[in-house]
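Labels run A, B, C, D and E following the written order; every chain starts at residue 1.
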Amino acid sequence: MADITEIIRTEKSRTALSVQAGFLIIGLLVLLLAPFFFYPIFLMKLLCFALFACAFNLLLGYTGLLSFGHATFFGGAAYFTAYTVKSWGFPPELGILVGVAGAAFLGLVMGFFAIRRQGIYFAMITLALSQMFFFFCLQAKFTEGEDGIQSVPRGYLFGFIDLNNSTNMYYFVLAVFLIGLLIIWRFINSPFGMILKSIRENEQRSISLGYSVARYKLGAFVMSAALAGLAGSVKSLVFQFATLTDVAWQMSGEVILMTLLGGIGTLIGPVFGAGLVVTLENYLATSEFPVTIVTGVVFMICVLIFRRGIIGEFYASRLGRKLGFVYRR
Amino acid sequence: MAPLLEVQGLNAWYGESHILHGIDMTVGEGEMITILGRNGVGKTTTLRTITGIVRARKGKISFAGTDMMHVPLHKTAHKGIGFVPEERGIFATLTVSENLMLPPVVAPGGMTLDEIYELFPNLYERRTSSGTKLSGGEQQMLAIARILRTGVRLLLLDEPTEGLAPVIVQRIGEVLKTLKERGMTIVLVEQNFRFASRIADRFYLMDHGQMVSEFPVGELPQRMDMLHKVLGV
Amino acid sequence: MTMIFGIPLQALFGQLLIGLINGSFYALLSLGLAIIFGLLRVINFAHGAQYMLGAFVAYLLLNYLGIGYWPSLILAPVIVGLAGAVIERLFLRRLYDLDPLYGLLFTFGLALAVEGTFRYLYGSSGQPYATPPALAGGVNLGFMFLPIYRGWVVVVSLVVCIGTWLLIEKTKLGAYLRSATENATLVQVFGVNVPVLLTLTYALGAGLAAFAGVLAAPIYQVSPLMGSNMIIVVFAVVVVGGMGSIMGAIITGYVLGIAEGLTKVFYPEASNIVIFVIMAIVLLIRPAGLFGRDA
Amino acid sequence: QSAAISDGKVKIGILNDQSGVYADFGGKSSVEAAKMAVEDFGGKVLDMPVEIVNADHQNKPDIASNIARQWYDTEQVDAIMELTTSSVALAVQAIAKEKKRIDIVTGAATTDLTGKACSPYGFHWAYDTHALAVGTGGALVKQGGDSWFFLTADYAFGYSLEQQTTDYVKASGGTVVGSVRHPLSTQDFSSFLLQAQSSGAKVIGLANAGLDTSNAIKQASEFGITQGGQHLAALLFTLAEVHGLGMEAAQGLTLTEGYYWNRDDQSREFAKKFFARTGKMPNMIHAGTYSAVTQYLKAIQKAGTDETEAVAKLLHEMPVDDVFGRGGTVGPNGRMIHDMYLLQVKKPSESKEPWDYFNVLATIPGKEAYIDPAKSGCDLVK
Amino acid sequence: MAVSALETQAKPRVVLSARGLQRDFGGFTAVKNVDLDVHDASVHALIGPNGAGKTTVFNLLTKFLQPTSGTITLMGTDITRTPPDRVARMGLVRSFQISAVFPHLSVLDNIRVALQRPNNLSTQFWRPLSALDSLNDRAEQLLASVGLSKERDHIAADLSYGRKRVLEIATTLALDPKVLLLDEPMAGMGQEDVSVVSAIIRDVARDRAVLMVEHNLSVVANICQHVTVLQRGEILAEGDYVTVSQDERVRQAYMGTEEHH
């Protein structure tokens, strides 16, 4: 894992810190200026998916649990937000809150069943449970079936910031994204995160030290679900709709691809992974290549020769190490 | 008489770490030798390299006249080398008797099932239960017993007494003696010096990936000082 | 007429029989999945695609080479099995030392690519495949009309399932396979050519899926989507049965097929989540699945 | 005059599913149909070139919405067409409305597009659930199929097909004896078919789509249901799917489409040209897209500009008369009203050539097939 | 000091006890009707032939396995139905027969993970990691007490086998357990480490109860006050080492005929 804390104690910490700070500043600048050069809706979509992937990675990268059901939280929250904002006239911030709370609740329920098993069993159980949720959404009245909840008003943030203005909306999404990232960063570099790490290293030993492993995992699961929900809620406001594609299992697969591509267990890897996938999907939409084939092949290549992902490979490369990064999985 | 096993200048690596730095060792037909050495000096690695599990290796290994350096792993046993790993390698999904029957017989002359059960009555009692449900010691017995069936000529044993009750250790000592009488060649890696000193013909002392000394059992009294220094015995 | 819960008893028999037929497919597919998982520790997400491939190969053999159902029943699994062997040799093999999740992700990508390719080439609405004349028609059982072909499916899948189970649990070959799962190096040291074994195993699993695919071709539309519609349910079946338990996979396949069939009568809307509901309940009571060994 | 064309060209975007479940429905072939329309129109309108761009929305509304915005905002696309699946169509129509641009839907079925989600610049061309229901439900009863049992996909689309069909079955004097709801993407329908069989209904209505319908039909023939005298009616099924299913399994099936290639010389002429380019005969979506592009170009020609308001006004006013929408009119809610055809799949022995699949059982006049704009619930209709 | 030692000698307090402990594995009884009392401030050895059920007894006492019947009492509280992590929090901590450290954490972090819980620093996900620095003093003290100070910043996986076991014991001590269960702590250890660990255990047991499984009889003889011999799941003999080692049945079943010290 390449989080900052581990690096601090290495000798190269000074270069690493300044290099990281440098990257951080450049990154922030790019994000702040991006809407002047790129299409804002596209950027917002990218940020939403980036946050989603980071939330997912919180679980996979830091507790070693591969969830195949994260679409449930992403899409579920999108539905909750879209519904409350459209039908009950909730303001956007409240709608998002409802979405996040709903996702956290779904996370609690799914986690309750899934947490008892590990590895592949865990993946399969989350997959199955998210299928159940998919069918629920397909049939429930409030989701409006395959039409989806359409024309969701963006409304006014805190009553006075007009989100229909796409610049306002962009900076709002950016703020949410950064806050989300900050929460994740804090979470993994906290005392709680330390316990998670130890559980991943040796679960039996953690139990014998008196940690109720299931509860810690559940905690991480719910946190990941809530943040995935945050991403979904915001996305429903960006696009002004919530539909079945967001809860379908293919979406869960996509977020895995993003994380894998960017670098499992790296804090910002998923951001790049999400960027690449979203760009690729958009590009492929207007090209002659069939999207699914390309996605599938990218998946296979990644797993075979590119396992550490973009950022992971960078950290592990000579340049990365020279700059003081550490990649350990 | 040509030695059965001859190792010359053997080097081995785990990834980038260089573990064995030129091992030289010869074992004659019917001999029982013991490799002594502290934790982590490379005893296990030596055995793993000879069997071919560790493939990042250089040097010369010849067994019964065959150059073993280019023999694929699954052919090692057929050449006549049997290996009992430190971690025992009992299979959970197999019953005790399936575990016992697992290794293919590579040459005639191995022990029969009855002989084995007679030697290890515990195994007979638990023969239908799953391999890893056995206690640690029972698993060790199973791991040794398993190889005895196959008729190999050379037995590489990695710390067979670890975690065993004294009475079992004694029994294993007897078994090894019996095997030797039948003409089996044995290379033993041991921490338990007392055990080793009672059964081996010859000793190799290992340190830092090299054999630092070699002597027959008769010289043991003269060597105690050095052993004390190297092993803390 | 005798009624049970408002359903005529005869109709109930009919539905039970139909459940059994569906269960045959679940059993065949989850069996292959369980073998691959049990022995290779690979969650074969491409299993659905291999099922689909089986059906498609049969279709292609018929349409381009004029090879009919009966030869296809052998040929298609062999062809798909060979393809599986190639995949294992070239790719999966490199993943064994890693976290099993990578195997899952790789086969997931493989499934996407294969399905995408067939969708690209053949569209998504599917291709026709006729019932072999020898098995066409049906018999009237009194309580229902049973197409002969469906009866054949039940019988042949039962035979194949039991045969495979015997092969793995009761033969020396099976013992090699099972032990190689746990510690391939050691088994190799014992003198067994493990890489070949693993290749064979994957080929066997893929072949079983393809076999199910050929069986399905005359019943279901031969479509690139037929596998992905099925795979998740089959995963649930394997989880309920207990991953890695081969008998568990077979029995659970049949039982859940019947459970699903009954749901289609009493509460049809729930029929495709009933398996997931059962799964949730089973996991609450027995986390390792009905037949699973404790992890 | 040419200054009236923005950016010096007319750009039409075909946005549909080209790789997913609906790829056979329209897909890449629809893009061909659109290109044919442009060529047949002479490649230019008001002396300015016409360009077709296309994208695969992968059935994801967010991708569709992203592309639509980008097309409208930065790539000077003047109109977006086809828009398969209702979630995509509704999302893009909302964007088009906001941006005051034209969209013409040929790929989605929901009547909401010209109902509560209608747009002054949005048009719905080839078919909708109502037309299908009236066609299959109403017309079939008149042919003697007066008792029905529904196999309905268990989600909104299925319900609305079932509901609307039921209305027309009853209005025409038929009865509905029962229905069973099956989950989406069911593989095995035998259970449901047995229930339908024992209901004794004369017609089994399939209120589902795509592979579900195909599988149900295939298994119905396996279980001897059609041989037993019951009749299958698919509520959303087109030539492309019949082709995939094969006549052996599909024979006797009734369905409704807005176009059949082998109906008369005019339709055959277009179909042959289309076949030469795509290797398939067109269904109503392909032909509908051809018609939509043609009509759009005609409107620009007549308006002398590609400015949205003017073109939309003419699209509402101009009668449609081409290979697809003969004698069609467009309602104030954007609904293109044209005749629909009740079709029945021939026996294999009756088929004279490849793709010769249907007998036309009846023609349903557009006025009957489509909802009266005044009752559509669209707030543009006063 | 002397007074308290006298007191404990006079009234050796039983901290962990089992009555009628039994565990069946599908027809096979691995542990049969075992009564066991572990006293405070002493080292208690559990020995016996392989497969006698020692590890199983450990698993039962620490609740990693549920007993088929019997009761277990920890410092007056019945823990027969308590989950393992609760038991650990109550002060009963075990080590494993196979070494258990957190391989990719540093030595210091291994200890800090253990210290987090008693210091209520384990659930806070909003605080920075530096919150854990408050544990450093105690952690370093523990490392010093077992002679691991030099390796403080090493990654645990890089330690030698013996050092890992030492680290494991230090981690266990960090929880300040009342009762310590050690499963073959010396197995596979070189002679030097054996003496180090023996000393540590003796030291630890001054104010705690230690129950250990060990095959190294010289260790047992040197540091254990009580010895319980298990055979086929049943108690064969009990008492101090001298008594037990002279028991003919024990010699036959376990020790063999040779001389041990």
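One rule holds in what follows: a residue touches a chain if its C-beta (ideal position, glycine included) is under 8 Å from a C-beta of that chain, and two chains touch if they have at least 3 such contacts.
Just so you know, these numbers come straight off a predicted model, no measurement behind them.
Undergrad: Show me the overlap between the contact partners of chain D and those of chain E.
TA: A
Undergrad: So which chains count as neighbours of both chain B and chain D?
TA: Neighbours common to chain B and chain D are C.
Undergrad: Which chain has its C-alpha centroid at the greatest distance from the C-alpha centroid of chain A?
TA: Of all chains, B has its centre farthest from that of chain A.
Undergrad: If you average the CA atoms of chain C and of chain D, how many Å lie between those two points?
TA: Centres of chain C and chain D (C-alpha means) sit 36 Å apart.
Undergrad: Suppose each chain is reduced to the average of its Cα coordinates; what separation in Å results between chain A and chain B?
TA: The answer is 51 Å.
Undergrad: Quick one: chain C and chain E, Cα centre-to-centre, how many Å?
TA: Distance between chain centres: 48 Å.
Undergrad: At which residue positions does chain B touch at least two other chains?
TA: none
Undergrad: Residue numbers in chain A touching 2 or more other chains?
TA: In chain A, 135, 139, 290-292 touch at least two other chains.
Undergrad: Please list all residues of chain C that touch 2 or more other chains.
TA: Chain C, residues with two or more chain partners: 116, 119-120, 269, 272-273.
Undergrad: Touching pairs of chains, which are they?
TA: Inter-chain contacts occur between A-C, A-D, A-E, B-C, B-E, C-D.
Undergrad: Across the complex, what residues on chain E touch chain A?
TA: 62, 64, 83-86, 88-89, 93-96, 100-106, 109, 112-114, 116-117, 121-129, 131-132, 153, 171, 175
Undergrad: Name, in rising order, each residue of chain E that touches chain B in their complex.
TA: Spelled out, the residues of chain E in touch with chain B are 25, 28, 47-55, 97, 160-162, 184, 187-193, 215, 217, 252-258, 260.
Undergrad: So in the complex, the part of chain D that touches chain A is made up of which residues?
TA: 18-20, 53-63, 65-67, 69-70, 73-74, 85-87, 90-91, 94, 110, 112, 117, 154-157, 183-184
Undergrad: Considering only the defined contacts, which chain C positions touch chain A in the complex?
TA: Listed in rising order, the residues are 37, 43, 91, 94-95, 98-102, 104-106, 108-117, 119-120, 232, 235-236, 238-239, 243, 269, 272-273, 275-277, 279-280, 283-284, 287, 295.
Undergrad: Considering only the defined contacts, which chain A positions touch chain D in the complex?
TA: Residues in contact with chain D: 39, 41-42, 45, 135, 138-139, 144-148, 150-151, 235, 239-241, 243-246, 281-282, 284-286, 290-292.
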